[in-house]
Structure formats: C-alpha cells, structure tokens
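Chain naming follows the written order as A, B, C and D, and within any one chain the residues start at number 1.
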Amino acid sequence: MADHKDKHEDEAHEHGPGRYVVIWMALLVFTITTVVTGHMDLGAANLPLAMVIATVKATLVVLFFMHLWDAEGINRLVFGVAIVFVMVLLLGVFGDLLTRMPEALPTGQPAHTLEGGDMPSSHGMPAHRPHGE
Amino acid sequence: MSQPVASAIPAPTAAPVYQEINYLNADRGVASWLKTLDHKRIGVMYFASVLMTFLLGGIFAMIVRFELTTPEPTFIGANTYNRMFTLHGMVMVFLFMIPAIPGVFGNFCLPLMLGAKDVAFPRLNLMSLYVYWIGSAIVLTGVITGGADSGWTFYAPYSTSTPMTLFPVLLGVFVLGFSSILTGLNFIVTVHTLRAPGITWMKMPLFVWAIYATSIIQVLATPVIGLTTLLVGIEKVGGFGFFDPGRGGDPVLMQHLFWFYSHPAVYIMVLPAMGVMSEIVAAFARKNIFGYKMIAYSSLGIAFVGFFAWGHHMFVSGQSSFDGGGFAVISMLVGVFTAIKVFNWVGTLYRGAILVTAPFIYLCGFLFFIVFGGMTGIALATISPDVHWHDTYFVVAHFHFIMVGAVIMAFLAAIHYWFPKMFGKTYNEGWAMVAAAFIVLGFNATFIPQFLAGNAGMPRRYYMYPERFTGLNVASTMGSTLLAFGFVMILIYLIFALLRGRIAGENPWHSKGYEWRTSSPPIKENFAETLEYPEEPHTYREPGEEPEHVII
Amino acid sequence: MSSSDASAHGGGHGDAHGGNPHLAHHFDSMATQNHASRLGMWLFLGTEVLLFAGLFLGYSVYRHFYHEAFRAASHHLSLTLGTINTVVLITSSFTVAMAYYSVKKGNSKAAAGLLTFTILCAVAFLCIKGVEYNEKFQEGALPGKWFHFHEMQGYPGANMFYTVYFLTTGLHAFHVIVGMAVLIWVLRRTIRGDFDKNYYIPVELGGLYWHLVDLVWIFLFPLLYLI
Amino acid sequence: MNDIMRSILWLPEQASTFAKKVDQLHYFIFTVTMASSLLVGLAAVVFFFKYRERRARQSTPIVEPSVRFELTVIAIPLIFFLAWFVQGFRDFVWYTTPPRNTMDVYVMGKKWMWKFAYPDGPNAIGTLHVPSDRPVRLLLTSRDVIHSFYVPDFRVKMDALPGRYTELWFEATKPGRYQILCAEYCGTWHSQMWGEVVVMPPAEFDDWMTQQKAGLLSDRVDTGGDDGPGFHGTLVEYGKRVAMAQGCLKCHSLTGEPHIGPTWLDLYRRRETLETGETIIADEGYLTDSMIDPRAKIVKGYKPVMPTYRGRLTAPDAAALVEFIKSLRSQNLENVPSKEAVYEPARR
C-alpha cells in the first residue's frame, strides 16, 4: 500500500546478541567514569562533563537498544524534533532568566525568614540602582 | 431572499441516490455505537458532544455579556462573574475549540481523503473519544461543584492560593490532554502509512496537510500543559513551592510552561480551520488551489515556528526586554505564513467559477476576519503597543476574531460543506444564507466595540468597569445576542434537514475533493473498490479536455 | 493510559486477508502495520520526552537561581544507592533488549526469563528508591512546606532542591511502575506463546517504553546526585 | 491629524512622553492594516463578481503562481512586519530603561488596592502624587498575587510580582488626574482595584512634598501608612477613624459584648454559621463583601438591618477597616502570630 519497502523488514540486518553486550558494557563504563569524575572537584567543568557523558550514554541506548540505528527515517525525525523542542523550551526560558532585571529574580529566602513589614522602610532602595549608574 | 440559489446547481443527470446500507445503519443498537471502531461514527459522536460543549460555553459567554451591560453589578455577584468568564474560557478552549475540527472532521474526512479504510489505530481512536468524555465529565463536575475562578490561564500565585478548589477543572484539563495526544498520534501515523497508492505527499488534499500539521502540535505540545496542571495541582494541595514566590519559586516560570503549550494550542485551533477553508475555496471557486505547495508548507511552518513564539504573551510580565525582542521577531515569522495563505486563497478565486452558497459566505467572513484578526495579532506582537494593549479588551477582541471569526466560521462552513456527505441530506440554502448573514453581522457588532474598549484602556476580566466604557459594552452585548440568535437558527434548520432534508446524492457540490468519490452517507468500508487517483484534488476539467495552463 | 496503548495498537484482530491472523483489516501488509505501530510508539515517546523536559526545565531554572544550595544538597544524597540504581536500570535495559532479540529469534522461553529478570530489576529499583525516600522523610529534607532539614538551613532555596528532587524522581518512579505493568503484561503473553518469529511487536514496544524510562534516569542521575 | 486618529481609535489622552511615541507607531500599524485588508477585500469582491459561475459544471484553467510571485507575496508582509518590529523594539527598550535621574516611588499591590511609599516621604493608599515633566520610576511589588499597574493615559503597564521588584517609568507631560487600573486578574475585586495618579506642576509638587513631610499625622492628606511598626499613623488607626466616621460602632461592639451587629472582637478568621446554616470563615473576602452587600451572608441570630456601604466606602477605606478588625484580638490569641505569610524580598 504505502510506499514502504518490504525488503527492509525481512533481512533486518542480522546481528548477533554481541552488539547488545558491547553496548551494555560501554554504558557501565560510562556510568563509572561519570561517578568518578563527578566526585573530583573540577569546578566549572563539572556540569558540562557530566552532561556530555549522560548524552553519550543516552545516544547509545537510543541508537542500539531502541534500534533507532536501523529504524525508519520518520522515527528518527520524530525523536529529533522532540529533542529540538526541548532545546527551544530551555533556550526561550533561559533567554529570559539571564537578561532579566536583577530585582525581578527570586531571592530564595525560605518563607519563614522573610521578615514581615510591608513596605521597605525609608532606608532606601535595593542594593544598587539598576541601569542607573 | 431571492429565488433559492440552489437551482444554480445544474439539475443532476440521474436522481440523487441515498446509500441505503451505510455506516449509520450498518449495525444497530447503542452498543454498536459505543463500541464502534469506525472513524466515521466516532466523528459523528464527537460532533454531537462538541455541539453540547459549545452550547455550554455559549451560555457562560452570554451570562458574562449580560453582566457587563452596566458598570455596576447587574445580576450576578463578583465571584460568580469570575467563575463565569473562567469557565467560558476553559469550556470553550479545552472542550470545544481544540477537539472540534480535528475530532469531528479530522476523524470523518481524513481516511476518506486518503483513500484508506480507517485510521491507523481504530481502538486508540475510540479510546480518545472516551478520554474526551471522561475529561469533559470531570470538568463539568468541577463546574457544578463551584467551578474555577482563576481565569482559563490559572496563573500561579492566584490559582495556588485561592480558596476555590480548582482540582476537578485541572484534572479534567489533564485528562483532555491525553485525548488530544491520542487523536494527533493517530492522524500522523494514518497519513504516513495508510495513503492509497497514487496519493503522494504532493497530491494529498490540503485539509490533510492542515490536520497533519495540527497533529504534530497536539502530540508535542500537550504534554507540557499536562505537566503544568499537575504541578499547579500539587502546589495547591501539597504546598511544594514550585511556583510559590515565598518559598523561592518563580511564578513567571509557570507562565513560561503554560504559554509553551497554549500558544501552539491556538495553532491547533486555527490550522484545521485553514485546512477546511482551503478545501472550500477550491470547491466553490471550482478551481485548482493557487499555490498548493505554498499553503502546504506554510501549514508545516506555522506548526514548527509556532513553538518558538510563546513569549509574546509575557511582554509586561517581568520577562526581560531582550527575550521579549526575540519572541517578537519569531511571532512576525508566524504572521508571514498566515499572510501567504490568505494571498493564495484570494488567488484561488482568480479565473474561478464561483458558486454562491452558505459555505462560501462563511469563507468571505473567514477571509475578512483572519486578515483583521491576524493583523491585530501582529500589532500586538510589536512590543511597544502591546504594553498598552496587554490584558485589555483589545486582546480579547483579537483572539475572538481568530477563534470565533476564523475557527467557528470554518467549523460552520465545514458542517454545511460535508453535511450532505455525512448524512446524505441537504440543508435549505435560503435559510443558511440568512443565518450566515446574522452570524457575520452579529460577530462584527460584538467584537469591534471590544477593540475600541481595549484601545480606550478597559482591562480584561472586569466585573465592574469605569463608566466611560458603558456605551461600548452595551453595543457588544447587543451584538452577542445577534450572534447567539444566528447559532440557534443554524441548529434549527440543520436538525430539520437531518430529519426531513432532500436527498443530497453522491456529490451535490460536484466537488473534485477525494472524499466525494464515495456514496453519501459512505458505506462502512468507505470505498467499494480501490480507486485510481490520477490527478491532484480539485482539478476541475471535463475528462479529455485539455485545460489552459496559466502561470502568473 | 500509556501502557495500554502500547499494547492496543500492537495486537491485530484476526480476520480477512487470510494468512497472518495479526493483520488488521485496514492494513495491506504486516510490514506496514509494524511500521505504523513503531511510528505510533515513537510519537508517544516524543510526548514523554517533552513531559520530562518541563521538569528538567524546572531543575535547571532553580539550579541557576540557587546553585550553592543545589551543590550542597547533592552531597547529602547517598551516592552509593544512586549508582546502584543506575546500574540496575542499565542492566534491566540490556536484558529487555536481549528479550526482544530472543523473541525475534523465536526463543520465547529465554525471552520470558529475561523479562522476569527485568521486572525484578524494576522492583529492586523501586525498593532502593523507597529506602532513599524514607531516609529523607526522617531527615526532614522534604519539599516546600515541610522542609525542616537542619543541615541545609543556611542555604537560600534549599527547599527548592528537594521540591525538584521529589517531583522528578516521583514522576520517574511512576513511569517505572507503568513500565513494570507493561512488561508484566508482555511477559504473560510471551508465556502464553503469542509471539513467534514474525509477530513480536508488543515485546518491542514494551521494550521501547522501558528504554525511555532508563533514558530519563540516565539524565536524572548525574543532575541530582553528581553535580 | 493626531487628534483625529486618537478619536477614531478611542485612545485615551496622551499624558506622557511614552504615550506620544507609541501612538505614532500605533497609527502607522493601523493605517497599513486598514489599507492591506481593504486591498485584499477589494480583490476578493472583484474576483467574486468577475468570475461567477456562468455555466453548470464549468471547467476552469489551472493557475499556478510563479516563484517570483511567491517571493513577492512573502516579501511584502515580511518587510512591513519587520519594520514594525524594529520600531516597536526600539520603543520598548526606551520604555524599559529608565533614565538616571528618576524620582523613585515604591508601589505595593495588595489585594484590591495600591499603596505608594516615597523613599523619604509620606505613604499613601490609592493616590500617587507625581510632578509633571520629570521622569518618575515606580518599583512595583505585590503582597499576595500578581497584579498589574496600568495607567491608560500614560500607555504604561507592568506586572507587580509577589516577592520581587519590577520597574516602570514615565514622564507625565500634562498636569491632571489619571486613573490607575489593575490589569492582571487578582481575585474577587480585581475590577475595583483602582487608583489615581495626580500630576502636579513641579513647583506645586515640591510644596506638597515638603508640607507632607513636615505635616502632623492629623492633617496629612493621605495618612494611613502601613501596619508595620514604626510608621507615622498605621492602617489600623486609619481604619479606626473610618469606623467612627461611618458609624459602624453604633451596631458593632469592639469589646465582645453583644450588640445589634456581630462584635468585631476576634471576628477575623472566626468560624461563623450563617442564616442558611452553612459555616464560613470570616476572612478579608467575607468582610469586604459584607460591607458592600451585607444581606448576602447574614450571621445566624442577627436581623438584616445593616445598610449597604457601596459608594460610601472607597477601596482603601474598606481595606483599612479590615485591618482594624484584624487588629482586634482578645489577650489569649495574642501569642499566636496571626500575620499571614508575607512575601517581601530581603535585601540581597
């Protein structure tokens, strides 16, 4: 019916179970590395490194365990578009947070330490004048 | 009304034949309907439920309009008014606009237009209908037990701190999200796998393209509103502080999460309407679509770029001006796609053979309202005027121009255009024209005063307003009664047509759409034998006659 | 809801088209039907990805606001339990992939064994999670209103870490339970012998859902426990 | 030209520099919108009549757009939209960056009223006094939910977020009184959360300010600072004065002994059973509603004799009354901190 090739279904690129074992081992190795590097205090590089390792592990799972490697083109497109929209959501929101007026960001004082008193008494304005000086 | 225009349709050579054994009476009994897997029956059941929710939403709207006739409290209290406009928003958006055209005409016409026997997953399709019923039932219990008073946007600090229990309404919206995901998922797989041989991507009817683009949004945006309702529900019950500023949360984050779904959601509503109108403009101008590729790709364009533009709802909500600029540029791109479509629709009329019928009147109304509504949308997206217009009646008028003007006009046009195919009977053309006139006039009288009220500075969701807005509000209320009267008229003559209408025959409009190449009402398996699809839909020429090919 | 649809569109209903009983009447060939089932599942996985995207957004927003609190709080989580959980999930992901492979090769008995092992891994994951939650309830490291964890008092926004922690791991645990239900359903049908060399779609779709649950944990583990 | 366009569009006065700036762009967008929709409408009507169906089942030519036509159809709207965006964004950045020498005023949105506090001057409820022809910066915050400070005549609007500050600035050009409205839905009386900006010539404003600072509590025009300690004149005292002035105390006792109306001692958050039998908690909403519409929820055992105070009590008066009622607590409740959770940012 649809323009879908039948041959793709049968020969299904014979591969032994070995591939799964290799991928499994790789995932375990990556887990250990990320735990070890997570402990070392690399300062600013900690977050990006952990994210890179997690992305590599994720792509391994997606490509080989979930067979996206030999799947139809449209399945890959669907997963790719979902990832793109996740990035767009993060970019859009962080585009706002990083450039918002400093006073408009949450201060994070836990509720019970926010001292009462309604209006700032007349001892002056927030620490520095935004855009002012 | 002059002599009924129906006679303009040529006397059919053979008498119109009514398909005796069709999907409606193939198997009898309520159980056969409740357990059906036939996409046509599911479409008809969606049709019935969607009309009821539209009626309910309309009642809430009329209560709000009558309350606003005087600046002082008119006949309901402040809290009741707040509940009325919230429930008007919730019922109309989640229970009517989003499931309407995809649920009713997507279910009914998509397989017919693809030459398929059914959608890809019939059981999922029925499940989507049940989940829609369950979600609507939950929202209605919410309505009965006090409803919600936080506006349909249920912004964080208010919705999570108001004593009013929002729980049933939020749970209902969460459940309705699943119905939307299932329908979208079903249609995407159907378009990919069940096209009849001969229907390539570039020979699919434009309604299918619009439904395909809508389904992409339904599948990929709805989970985020599911999560937002879940988080607001947990925040309200458990006090987790996710959005609570006192505990370090950020209410603007809730607005980001909400509008990440709700802006694409407005394209879930308008894209199917554009799809219906592409079919109707081709059918009633009896001409091939002008710029088929342009309209098809701009549907996809709206679906994708629509995901990036949600920030234009938050220009004055504490969002940074840099981000506001970014969202404004992208909103302009989405506007361009709509502009392309409008030019191509009008282009389709060029050198056509226009047949004046009720759907065509709705098309004219649609064209005017989508131009006017769309341009005010672009005006709102230019940030500095939005500072004045945000959360005023200008915004209310803008989105009603698109939702009522474009989407409900298209919904009515679709009902009239596919009524003969769904039920095998024709409606009375004269009455239909009168009703269409009422609708178009009533709509203008209702919402143009609201544009002016918005310019004058009247904020949204106001129970009592300063005296200077009284005149505009009274005018708007009078207009809304006209509009309501128009809807009632349509209901009456359609029911009359259903019971005692003339037999329509297989193709009363002589349209070259693929869905008309089966009996009406269609048989259970849609097509008796597999058909050939040699040319694009809507190519109006007699067989053997070589058409004049014009490139402008 | 999600688990039943994974199976709903898998099972065909035997009638016309003779030959293969699993071919639905409106599909022309098993290949198209399988392609449709896989595409439907991948679209559903897209919705799951975007559902967790909202929570990851919440995590990254509040980490941006209160990074000291988040870094300090991650040291209070027990790393050993987290690592064990990650290994458990990755192994279960491996075994469910092997189960799919053996069903495709027609060896239903091995597949049943592997599926049982996967379900046991899922139970183990939930137990470890239960232990961690219990620890937190005693410490008072709870979200929002109930936050009275004395060690983390000094950091502004510390309760936000536990709000995000409980929301993300809670929703993930719910998806582990749903995944377990799907796998139990697939196991029952494997034991009944429904699957053979040319009909194994439910196993594949159940496996895909389980891999997604593992995928989410692969990202959750470093974010919450390591950095 | 400006006034004609303003009257066609029902726009309010242009009483600030930003209003004049943004209205020019508004007129430009409006004229282009009208022109383009007329053009599209005209084309549709011309085709409508020119290409009516003449013969039954008339066949029509295949008309395809050339690539050039498609590009022009994309280019024309894109150029206009981007032009609007550029001008719009420039105005927006001008609007969101206040000049250096602004006079700052703190604005606190609280459920259904606006409170203003000059850093070194008096406080006020509902009315904001500003000098004309001098930039004024408002630092907006909210006590409970999101409100939105909106002055139609200045074309300015900014949300007031609970627990943090957002800013808004304007430079009034014409002395006069302009209405403030709340534009973000905030509850029962969202539609009554009005205020007033009184724009005074600079000289007059300076006299007013000095007089306010020196003035005693009694002759202050807009007394009633806030219920925080240490302000001259608290909301509670202001509420007490309003109660005496409006004659509430003729029916409501302050000491707990029975009277025509329910006593106000310990009334706040007390569980009351109504005539209809249902029990409610006397919170701000109930107290404010009962002032406006007393017969709606009568407490069991009391006759419905209370007159309505709609129109006689301004929103700030009602709010001050509620604060006064909240302050009337008998000794045994004193130790329970009944102050509701206050979201106020600590200095960073």
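In this text, a residue touches a chain if its C-beta (ideal position, glycine included) is under 8 Å from a C-beta of that chain, and two chains touch if they have at least 3 such contacts.
Being a predicted model, the structure only gives us computed values, none of them experimental.
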Subject >> Best-connected chain pair, where connection means C-beta pairs in contact >> reply: B-D
Subject >> Core chain by centroid distance, with centroids computed from Cα atoms only >> reply: B
Subject >> Identity of the chain that, by mean CA position, is farthest from chain C >> reply: D
Original post:
Taking each chain's centre as the mean of its CA atoms, how far is chain B from chain C in angstrom?
Top reply: 35
Subject >> Cα-centroid distance, chain A relative to chain C, in whole angstrom >> reply: 17
Subject >> Between chain A and chain D, centroid-to-centroid distance (C-alpha), Å >> reply: 40
Original post:
Mind pulling the chain A residues that touch 2 or more other chains?
Top reply: 1-2, 4, 74, 81-82, 85, 89, 93, 97, 101, 104-111, 114
**OP:** For chain B, jot down the residues that touch at least 2 other chains.
**Re:** 192-194, 220, 224, 241, 245-250, 252-253, 256, 318, 321
**OP:** Please set out, as single numbers or ranges, the residues of chain C touching at least two other chains.
**Re:** 27, 32, 35, 39, 43, 46, 50, 53-54, 57, 61, 65-66, 156-157, 159-160
**OP:** Chain touch graph shape: choose line, ring, star, complete or other and state it.
**Re:** other
Subject >> Which chain pairs touch, all of them >> reply: A-B, A-C, A-D, B-C, B-D
Subject >> chain C-facing residues of chain A, complex >> reply: 1-2, 4, 6, 8-9, 12, 17, 20-21, 23-24, 27-28, 31, 34-35, 38-39, 46-47, 50-51, 53-54, 57-58, 61-62, 64-67, 71-72, 74-75, 78-79, 81-83, 85-86, 89-90, 93-94, 97, 105-110
Subject >> chain C residues touching chain B - in the complex, by the definition given at the top >> reply: 1, 4-5, 8-9, 24-27, 32, 35-36, 39-40, 43-44, 46-48, 50-51, 53-55, 57-58, 61-62, 65-66, 143-145, 156-157, 159-160, 163-164, 166-167
Subject >> Touching residues on chain D, where the partner in the complex is chain B >> reply: 9-12, 21-22, 25-26, 29-30, 33, 36-37, 40-41, 43-44, 47-48, 51-66, 69-70, 73-74, 77-78, 81-82, 84-85, 87-89, 91-93, 95-97, 144-146, 148, 150, 152-153, 155-159, 161-164, 166, 179, 181-192, 194, 283, 285, 289, 293, 296, 341, 343
**OP:** Under the touch definition given earlier, write down the residues of chain A that touch chain D in their complex.
**Re:** 101-107, 109, 111, 113-122, 124-127, 130-133
Original post:
Where on chain D does chain A make contact in their complex?
Top reply: 97-98, 100, 104, 106, 108, 110, 115, 117-121, 123, 139, 143, 161, 163-167, 225-231, 339, 341-348
